[in-house]
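The structures considered in this document are given below.
Here subunit A shows up in two complexes: once beside subunit B, once beside subunit C.
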Partner chain A sequence: MHLTQGQFSFLPDLTDAEIKKQIEYALAQDWAVAIEFTDDPHPRNTYWSMWGTPMFDLKDPAGILMEVKACRAAQGDKYVKVLAFDSHRGFESLRMSFLVNRPKNEPGFELLRSEGPGRKVQYALRSYATGKPAGSRYG
Partner chain B sequence: MKKSADSKITDMKERYRSGVLKYRQMGYWEPDYEPKDTDVLAVFRITPQDGVDPEEAAAAVAGESSTATWTVVWTDRLTDSEYYRARAYRIDPVPGTPGQWFAYIAYDLDLFEEGSIANLTASIIGNVFGFKPLKALRLEDMRIPPHYLKTFQGPATGIVAERERMNVYGRPLLGATMKPKLGLSGRNYGRVVYEALRGGLDFTKDDENINSQPFMHWRDRFLYCMEAVNKAMAESGEVKGTYLNVTAATMEDMYERAEFAGELGSVVVMIDLVIGYTAIQSMAKWARRNDMILHLHRAGHSTYTRQKNHGVAFRVIAKWMRMAGVDHIHAGTVVGKLEGDPNVVRGIYDTCRETHVPKNLEHGIFFDQPWASIKKLMPVASGGIHAGQMHQLLCHLGEDVVLQFGGGTIGHPMGIQAGAIANRVALETMIKARNEGRDIWNEGPQILADAARWCRPLGAALDTWKDVTFDYTSTDSVDYVATPTVAAG
Partner chain C sequence: MTALAAVADERVDLQALYAESSIGETLDQLDRELVGLVPVKTRIREIAALLLVERARRSVGLEAEPPPLHMSFTGNPGTGKTTVARRMAEILHRLGYIRRNHVVSVTRDDLVGQYIGHTAPKTKDVLKKAMGGVLFIDEAYYLYRPENERDYGQEAIEILLQVMEDNRDDLVVILAGYKDRMDTFFKSNPGMASRIAHHIDFPDYAADELFRIAELMVATMNYRFDAEAMMALRDYIVRRMEQPRFANARSIRNALDRARLRQANRLFAERGQLLDRTALQTITAADIRASRVFSP
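What follows is the complex of A and B.
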């Protein structure tokens, strides 16, 4: 399967030059860029591992792109995403989120059905990868 | 202001002599009045009957929407009637429209029950709309003071929390209304939901008149829809939802349906505007208690919002609904099949989404409206829109909006999934281009054509709907600028 979380997952993978342009956009809006990675891509896994804290004081797109590359080099068999945090009143939340790396093989999710009375089904998603311990799930 | 026989009567004995007085004489016209920060303000478009002067008509509206009746009553003297009386304090002729005026009226905060849209509207759009001395009457805008706003819950979820729950940032959300509106069995209906969500939409939607008819009862629909939602989630790794319409004959029925939607794990339920303000507020409180996004379909509104001379402007309905506490509201598309002048729609979107909406007559906004900490209401653009308009939609409507392509998904020549893919690719392509600094208003068609070279479903969508526009002159437009055309560019 092809995980389609993030705002550009239906497009061909972004090149580094394209990633840099999106980082430039985020900085121009006065948002702080952050990088996160995971090997547990469940849609409700909110807290991916942080590649350091959001880069509030780094305003140089090339510098941020270097961090993206460093994260990718260290966590290349995992999902990596770039986020933009907006601290302005009325938002104070994420304003951007897009994948910049994904594992070569994405096994996807099993849909678990637990049947109850009255045809009622309780559903759960289980990532095929998370059957293995963290760190050895992909690649 | 001229002092005439029609001025407010200040001698109490004369003022309360039994009989009939003009509303001005009773004290409902006060041109020197300085509205208080705590006043509820309203501006009405009035069309007085021939021979009724506008000051008297404005005073009558103030009177009939607050304390007055047609004749003098001595029981006024048991109260601090000066205090409770609404005041018409300003009238402006409507530009370019002889015989119509904008009448501004101030109401003291104490006239209204806290947290009740029903109470507010029973005064403001109550008896007064049938009042004989007026040919027509339209409520154009209101200023709700923060003191009163803070007695309302506001959106159960709000835009920020909705995005956090859906895990969707940086682009409009995508939806589709299931078609045909009526007649599908539960099983067939769920198929359409699954295909659309699997293709790449975030939401699907019941239509306004899908409740629990003989061809598909509500429970059956909910069960099949949730199978579809969860299957699409497993295959995409994304959070998905379907607006399960819980509109029903009684509150008990609606609560039962909403509870069941919650038990099945739905993230969103839906109601129609026709259930009424009190039912809407009840459902908004239920939605807040149950972590549920509450979608409102504005079924019925065009019966009173569309004609400019009589009724209630939709910007006022949007304001009341943000106070009442829904999370989604259909708010116009500009380019689609339903009524929507660009400036009017802009004013409505601002009313839904901004934390402070400044007065802007060119967008139909007559007052500064601070929103205190009331959450933001997500506007929904739905009705006759397609992937080829993506650049226009983004320019007109911005990013915090649900774009709903019903026919534009389900009617795709390669199938429903292909329709959803076309919409999602068109959207992501356009967001990416906008962020890269490209001029999407002018380059939009080329940007879409370039993406269509690697995305066949998008190419097919563009071919199928390339010439479809709904470029009619709007019925409801603003009065302070010329009405521009819609789909140019």
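What follows is the complex of A and C.
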């Protein structure tokens, strides 16, 4: 199952040249770009691991793309996303977030039903991948 | 066939490209603000011509790898290496060779770490910061310390070489330093020497060039010399050049700073009378002649 999340989720995966252009846009807006990765694809998982600190000091997309590639090389079988944080007053939050890497096999999600009192059914989504311990979830 | 004919028919107006890039303005500014340095200016003009023609070629579809523009600036202290490096970023930016007009200026301390595993991230951080612009490494020969085989400088050099090769269109590296020591540095690092296309040597300034530099400097500081002070300054420059530790334009700058100090002291000693604009601006012969250079 092809996981879609964040910006451009209805498009095919971005190429490096396209990623570079997006980063260029973020930098032009004076946003700080960061890279994060995770092996838990649940949409409500907001606790991704940071790949280094946000790159407040970089002014050119080439340097950030180098980090994206380094993160992919080290965390190739995980989801990697690029974020852009807007520190301007009034926003002070993320303005961009898109996936730049995904594992080869994405097992998808299981729908869990639990029946409560009065035949009330509660639904939950669970990734098949998270059934296995961290570190051995993909491949 | 028709496409080929169309390409063959296309004419490129170099003059228009030249005007559009406003490179002429930068080169003129270079001529105005940098005194002397003829070989340096010639080389910069050559590089500018190369890049302009490269752009014209690209516009008619004659693609080629962008020419590597890593440079080495050698010369004695105070000959304008850093100043020219900053200008170089502007020129290359106007010609569209680099994406942004910025220079990251570093020395050994910024690249080389203090313990194992510290150097690579440190060097990479600097390189990432310089991406899209110019990385200026002052006194580059300190990176290589042959007397200590465990020195981490070698590691920094290797990372540098790799990025110079892989990210050729993202980064221009300029190494600078004294001539003889740079020569030894390149001799012991042939990989570095072969990746640098332009070796530019900065000649020492002659006395009258130094005088013109001094004039430019005081003008930017909003001071002026009176006629006697000019004579004194010419005298000063000739004497200073013969003394040890003479650092070309830097010595002149220091001399001017000291002259400012003496001028301020003189004005302060004569306080009680009102000063006009000219008095506040003028450096007199006495301010210059008080230098230790004139003491026997």
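The definition used in the following text is that the second predicted complex is superposed on the first by the 136 of 139 C-alpha atoms of A that agree within 3 Å, B and C clash if a C-alpha of one lies under 4 Å from a C-alpha of the other, contacts with A are read in each partner's own complex, and residues count from 1 in each chain.
Convention: contacts are C-beta pairs under 8 Å (C-beta built on N, C-alpha and C of every residue); 3 or more make two chains touch, one makes a residue touch a chain.
The structure displayed is predicted, hence computed values, not measured ones.
With subunit A as the common reference, the superposed partners subunit B and subunit C fit together side by side.
After the chain A superposition, the centres of subunit B and subunit C are separated by 100° when viewed from the C-alpha centre of subunit A, nearest 10. Once the two complexes are laid over each other on the shared chain, residue contacts for A:D57 go to subunit C alone; subunit B is not touched.
One of subunit B and subunit C touches more residues of subunit A, and that partner is B.
When the two complexes are overlaid on their common chain A, residue A:E67 makes contact with subunit C while staying clear of subunit B. With both structures placed on the common chain, the touch criterion links A:Q122 to subunit B but leaves subunit C unconnected.
Contacts of A:R89 after superposition: subunit B is touched, whereas subunit C is not reached.
When the two complexes are overlaid on their common chain A, residue A:L11 makes contact with subunit B while staying clear of subunit C. In the superposed model, A:G131 makes contact with neither subunit B nor subunit C. After superposing both complexes on chain A, the closest C-alpha pair between subunit B and subunit C lies 16 Å apart. In the superposition on chain A, no residue of subunit A contacts both subunit B and subunit C. Against subunit A, in their complex, subunit C makes its touches with residues 99-100, 102, 124, 127-133, 167, 170-171.
Considering their complex, residues 1, 3-5, 7-12, 18, 21-22, 25, 41-44, 46, 83-84, 89-98, 108-111, 119-123, 125 of subunit A touch subunit B. Partner subunit C is touched in their complex by these residues of subunit A: 55, 57-64, 66-67. For subunit B in complex with subunit A, the residues that touch the partner chain are 160, 163-164, 167-171, 200, 223, 226-227, 230-231, 233-239, 263-265, 354-355, 376, 421, 424-425, 428-429, 431-432, 435-437, 454.
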